[in-house]
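Below is one structure, written out as structure tokens; comments come after it.
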Amino acid sequence: MAGRGRTFGRRLGSWLVDGYAALVLAYLLLPILVIVLYSFNKPAGRFNFVWKSFSLDAWRDPLRYDALVEAMKLSLAVAGISTLVAALFGTLIALALTRYRFRGSAPVGLLLVLPLTTPEVVLGSSLLTLFLDLNVRTGFTTIVIAHIMFSVSYVALTVRARIRGFDWTLEEAAMDLGATPLRVFGKVTLPLILPGIVAAGMLSFALSLDDFIITLFNAGSSVTYPLYVYGARRAAFPPQINVIATAILLLSLFALTATHLWQNRTLRQQPGRPLPPV
Amino acid sequence: MAGTAAGGTRQSRAAPYLLIAPGVLWLTVFYVVPIVSLAQTSVEVAGGPWWDGYQRALTGYGTHFFRSLRYAFAATILALVLGYPLAYVIAFRAGRLKTLLLGLVILPFFTTFLVRTFAWKTILNDGGPAVRLLQQLHLLAPDGRLLDTTIAVIGGLTYNFLPFMVLPIYVSLEKIDRRLVEAAQDLYSTPRGAFQKIVLPLSLPGVFAGSLLTFIPAAGDFINAELLGSPNQQMIGTVIQNQFLEVRDYPLAAALSFVMMFLITLGVLAYARLLGTEELA
Amino acid sequence: MSRDTAQRDEEIHRLLRQALGRRRFITRTALAAGGLALGGRFLAGCGGREGGPDGIGGGGKARGPVRISNWPLYIDSETVPDFEKATGIDVEYTEDINDNGEFFAKIDEPLKRNQSIDRDIIILTDWMIGRLISLGYAAPLDNASFPNKANLLDNLSDVGFDPARKYSVPWMSGMAALGYNPKKTGRRLTSVNDIFDPKFKGQVTMLTEMRDTLGLVLLGMGKDPAKATLSDAKAACARIKKARESGQIRKFTGNDYAEDLAAGNIAAAFAWSGDVQGLLADNPGLQWVAPAEGAMLYSDNMLVPKTSDRQDLAMSWMNYVYDPAHSAQIIAGAPYLSPVKGSGAELAKIAPDLASSPLVNPPDDLRARLHVFRALSDAEDMEFNRVFQDAIGA
């Protein structure tokens, strides 16, 4: 009897936890719902802030504002390139910090945290001064440089959190079996750390897509998506902004699903430690 | 951590330095150098003692510093309270839905910060659904509002940095060996006991990392305060921004930045102490 | 009204497309110059023009486009293509100025170092133009190739920050005063001080643009903004600060008070004339009034950065837009005040409704109530700004 009561209590507890988590997830997704919903709005004037009536107009003509599309393309290019570089640099640092004990590891840890404690406006303006000192024309390249700078820390810390405490004996075993270091890396190390890198990469991609202040200083005459949105809202906020945002969301969902499927496949191919999803 | 030492002895001493070289070089050139020159700016006071900027930063902007830290702290606690159970459910109870749920957690990242915050404005508008609902429930005065209040700012901060809290906690929970949890459940006989003795302690590194990733950007943020708050909710980020761009009092702006960074670092160290984490992140 | 907005919207799109067309053209030109050696005829063809005689010949004449930075929605859609057709000079028109201070932060360092900012004309507000001139960042205008400069309105032709208009000419002028939503105020607003009415607590906004907000509050206190001393400013700021701390003032904004007026979050705001005209589609009842005490007048001015290597092209542009008919054309797309003599008559020909609007063509009694903020030295500007930023809580 007592056992049954406890089972019921446990189940109730689980339901409560699940329900709570569902609510939190709803909170996270609520604004996204609004963004998607308002892509179907037909605003009365120039500002898409008040719901008027359902319309497919913006979806029929999503590319109406060329400058918006160009800004989105630029943002995606910046995010893509800076993520690749930051993922590489950050992962290498994370590997060094988790795999080796070396003089200077503490300052490196500090160096990773410091950019996160620096207000963005400081990062942006001081970096601009540097570019000017070096006579570098601001534009696409300087945006990418800045984004790599703030992404490296995030990647290194995320990957490091992910791989800390891993059992590396597998590597040693492979070495003992005569595998070359490169082979060990490709067959053992990389599969172990890849999910961490992918997670960090997504984070860095999203951060880059998001960044406004640092970009503002170092963009020169280039206009990224956030810069466009910020500037546009003073004069107009067309539903096309929501349409493009929704399109990016769909694309991300697609990428997530693809990653999921790919990981499941790798999982089947390589029995061993199950790969945690992204 | 045993593998660390073993790895270190076996391979060349230069290996870790080679690994960190590109990233560290990048951060040195594009972060350290500019910051050092900024430090120089902070003490280059025309017609006054070198500490003038710092003095003004400390005496004139105490409210802003205090407010920023308070809001960031509130947002961090809220994000923890909201984020931990979500991370827990995803790690232990989601089964096949795990990837999907994690995807949904980071989905907001892929809409621009600004667009998301504007969406909040739409939700919180004076005539909007949230206000009307709260007024019907008598939780808000008939002439009350949500937009441009402290609640909106802290809510916005919590919202924007919540995924930063969920992800690291999830990662640390995910790493816990399931057999250990099962054994603990047998040993302590209740899920709560197992949670308190095993799961929670093992997830603390994640809690620590998540709190940092929430607290630090929240303390330096100014977009939420600007779009969702009134001038009485201005945070230090706005002040720094204005001193840099409008007033052009560079020594003060630089000094404010350094006081800010110092306070954050102090908070981080205290927090690390509290959780018993030896490393910084 | 909504038709007007729809038209304007359409214009924006065309303008944006067209601005993009220019940019593509530049890329292709650069590619061609990079070794493809395809000859002038092809280059001109790339521009996408229908190939008039100007287009073909233009390839050799103009060294790349004239690059203009302006505020969003501050021009009609015809002027740029018309100018290109008339002169054969390509235009790269960018709407990337949202804030004087922000834009200054972007261009200050390069100009200090004598580096190019990739702009041949920038358009900024009076005081900022004054700062740029005093910092030596401006190239003097070449009056010989700018005969239409004579069309500049007399009262704008000699200003404190730029005597005899050696470096700058106004692009457009505007008025800052009260914008309000009668549905929320429940009454007509007639005085600047209505913004301090406790009935509107938490429902009013002011501008972050110091001279406009400070000037209006000073007018409300019976002071003349043209003679404002630091102690006047301090008194006005104390009043603003008190209202801010009590929760009377909901926000200090740039153009973005427009969102809140449109969405019905605020009852009254310090607002710019042209904005309110543009907002009528979102909220048809909105009013803009110049209160009894007066309104602030400002101009946004064209200036050629000293590092521009295309100053002759910049002069062609200025000369073009200072033709009364061309100026009227611009006003038809952006309802502010033209600084060009005779543009009112031209506007009446193409947009009679607009020409009769007091926002575009202020009657004499309104003109008499327009004030300009005193020219501040750099040190004064910093001092005033410090007090003001403290008052607005930043």
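Per-chain residue numbering starts at 1, and chain names A, B and C are given in the order in which the chains are listed.
Basically, contacts are C-beta pairs under 8 Å (C-beta built on N, C-alpha and C of every residue); 3 or more make two chains touch, one makes a residue touch a chain.
Computed from a predicted structure; not experimentally measured.
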Quiz item: In terms of CA centroid distance, which chain is the most far removed from chain A?
Solution: C
Self-check item: Leader among chain pairs (count of C-beta contacts)
Solution: A-B
Quiz item: Which integer distance in Å separates the CA centroid of chain B from that of chain C?
Solution: 38
Practice problem: Please report how many Å separate the Cα centroid of chain A from that of chain B, as a whole number. | Solution: 15
Quiz item: How many angstrom between the C-alpha centroids of chain C and chain A?
Solution: 38
Self-check item: Residue list for chain A, restricted to those that touch at least two other chains
Solution: 49-50, 125, 129, 230, 233, 237
Quiz item: In chain C, what residues contact two or more other chains?
Solution: 102, 105, 259, 263-264
Quiz prompt | Sites on chain B at which at least two other chains make contact | solution = 121, 125, 241, 244
Quiz prompt | Partner chain B, residues of chain A touching it in the complex | solution = 10, 13-14, 17-18, 20-21, 24-25, 27-32, 34-35, 38, 49-50, 88-90, 92-93, 95-102, 104-105, 108-123, 125-127, 129-130, 145-146, 148-149, 152-153, 156-158, 160-162, 164-169, 172, 196, 199, 202-203, 206-207, 209-210, 212-213, 225-226, 229-230, 233, 237, 241-242, 245, 248-249, 252-253, 256-257, 259-260, 263, 276-278
Exercise. Spell out the part of chain B that touches chain C in their complex, as residue ranges.
Key: 60, 121, 125-127, 145, 147-148, 230-232, 234, 238-239, 241-249
Quiz item: Can you name the residues of chain C that touch chain A in the complex?
Solution: 2, 5, 9, 12-13, 16-17, 19-20, 23, 72-73, 94-96, 98, 102, 105-106, 109-110, 113, 115-116, 118-119, 254-256, 258-259, 262-264, 278-283
Quiz prompt | Complex contacts: residues of chain C adjacent to chain B | solution = 99, 101-102, 104-105, 202, 208, 244-245, 247, 249-252, 259, 263-265, 382, 385-386, 389-390, 392-394
Practice problem: Would you tell me which residues of chain B are touching chain A in their complex? | Solution: 1, 3-8, 11, 13, 15-17, 19-20, 22-24, 26-35, 37-38, 82-83, 85-86, 88-90, 93, 98-116, 118-123, 125, 159, 162-163, 167-168, 171-172, 174-175, 191, 205-206, 209, 212-213, 216-217, 220, 222-223, 236-237, 240-241, 244, 254, 257, 260-261, 264-265, 268, 279-281
